[in-house]
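One structure coming up, written as structure tokens, with questions to follow.
Should a chain be cited, it is by its letter among A, B, C and D, assigned in written order, with residues numbered from 1 in that chain.
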């Protein structure tokens, strides 16, 4: 599937814990924001990631992550993480992210994560039908 | 047991990731250093914490943690975490920590953590004999 | 001041990043939740912590932190951090926290943090009047 | 410069804090390991990153980061971060990383980070001569 795929916007307030001594958000923390973005996108679609794990016995580990840093976020900034499903099918899923400063609209970070669906033995397994169904009714 | 109990010194280099925009180590990170301290103290005694979990089926969750912050650690500082077993017996274990600046000797943080031994159902369970044996031969 | 002091409730969704291999929130992360709690309590009072730093040139480093862990929070739980100002006066400020599971109401963690107001040279300095004013109009 | 460029191997012990509830290292933590890798590579060359900032007034923010996850690292694993300078010149620097399980030799993660040298106003600035000198004597 690569047609019109769902997206979601999640606001996050930058904490002291997120910053480093350069006064900006430490670079690994955007991957945590990406996780929050894709989880809330899926919840918005009616799929709780936790249920995929507990009910469907399916996990979605990351196989690749990429971040391009355009401008820094700073302490107490309100940022918006725009998450899109870029591609889903077979045993794979890919998300795209754009992080913007909520006040100025400036793009701060762009990135993507690629994932593989796995069963309880960490073997690749097809996209759960429950998830595909949610995408089709969209 | 409250007699002469073992201690261990672990050196840790402060990373950028550890700092915040005040230019000092963010306060929650000392609890991570404490974890590293007690794990290496136990390894030094001949007990791998991982084996307690996997072989003895015993966990050691934290019931209380305390930190008193005396002076800040900064980026690239080499610190030393001095970990002591303060008390062990029944279903409980307590560690004490002193974090010092390795170069100046200054005390940066003092703290403790209290733990309870639990079985696979998270029910309190006695100190594993394998661990007590290591303490006695000390 | 120790009379009726303000409090605030902040909801936080537990992420994968917060958990550890025991399947529960790693113990140091509650100190991050405490930071979020006190920041939002102050914002609710009309004081942006960032402005204290940038406008008033005052910082509020932690001198002591304490957590008692009653029950674990798990992935995707919605928790509520109840933050209270326990004491403010002289050069000091103290917050109390109770973290509860939003769905069950169960208390998960209780704790406190003690802070000292410092000027740009990290010397103790009185509570900013702008902050005291907000408390009095409450 | 793209000839034979220096590399460095840094051993890191996986902590509980690094893991998530899947029982493996949470994906953003490899970016922290990368930071530790490049810092120690530079120290090995005789350049303290801290001195670049404090003495040369030069920073090295990340413009892009990439991780490909091949296999998971688990609690208490000893991993080795192999860091190479891939490219340095103009205002840019690029590092390559391979994370391997120290015991089995298995490749766990491969990645890179791209950086730009900036002055105190965060404007791009040439590679510091002190750093180039260390590379040439190599």
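As a working rule, contacts are C-beta pairs under 8 Å (C-beta built on N, C-alpha and C of every residue); 3 or more make two chains touch, one makes a residue touch a chain.
Given the structure is predicted, the values throughout are model-derived calculations rather than measurements.
Student: Which of the two pairs, A-C or B-C, is linked by more C-beta contacts?
Tutor: B-C
Student: With chain centres set to the mean of the C-alpha atoms, which chain is at the far end from chain D?
Tutor: With centres defined by C-alpha atoms, farthest from chain D sits C.
Student: So what's the Cα centroid distance for chain B and chain C, whole Å?
Tutor: A distance of 24 Å separates the two centres.
Student: Let me have the rounded angstrom distance from the C-alpha centre of chain A over to the C-alpha centre of chain B, please.
Tutor: From the centre of chain A to the centre of chain B is 34 Å.
Student: Just the number, please: Cα centre separation of chain A and chain C in whole Å.
Tutor: A distance of 28 Å separates the two centres.
Student: Where does chain C touch two or more other chains at once, residue-wise?
Tutor: As it turns out, chain C has residues touching two or more other chains at 16-17, 22, 24, 28, 32, 35, 75.
Student: For chain B, which residues are in contact with chain C within the complex?
Tutor: 22, 24, 27-29, 31-32, 35, 59, 61-69, 72
Student: Which residues, counting only chain B, touch chain A once they are in their complex?
Tutor: That would be residues 16-17, 19-24, 26, 28, 74-75 of chain B.
Student: Taking the complex as given, what residues does chain C use to touch chain A?
Tutor: Within the complex, chain C touches chain A at residues 13, 15-17, 32, 35-36, 39, 48-50, 75-76.
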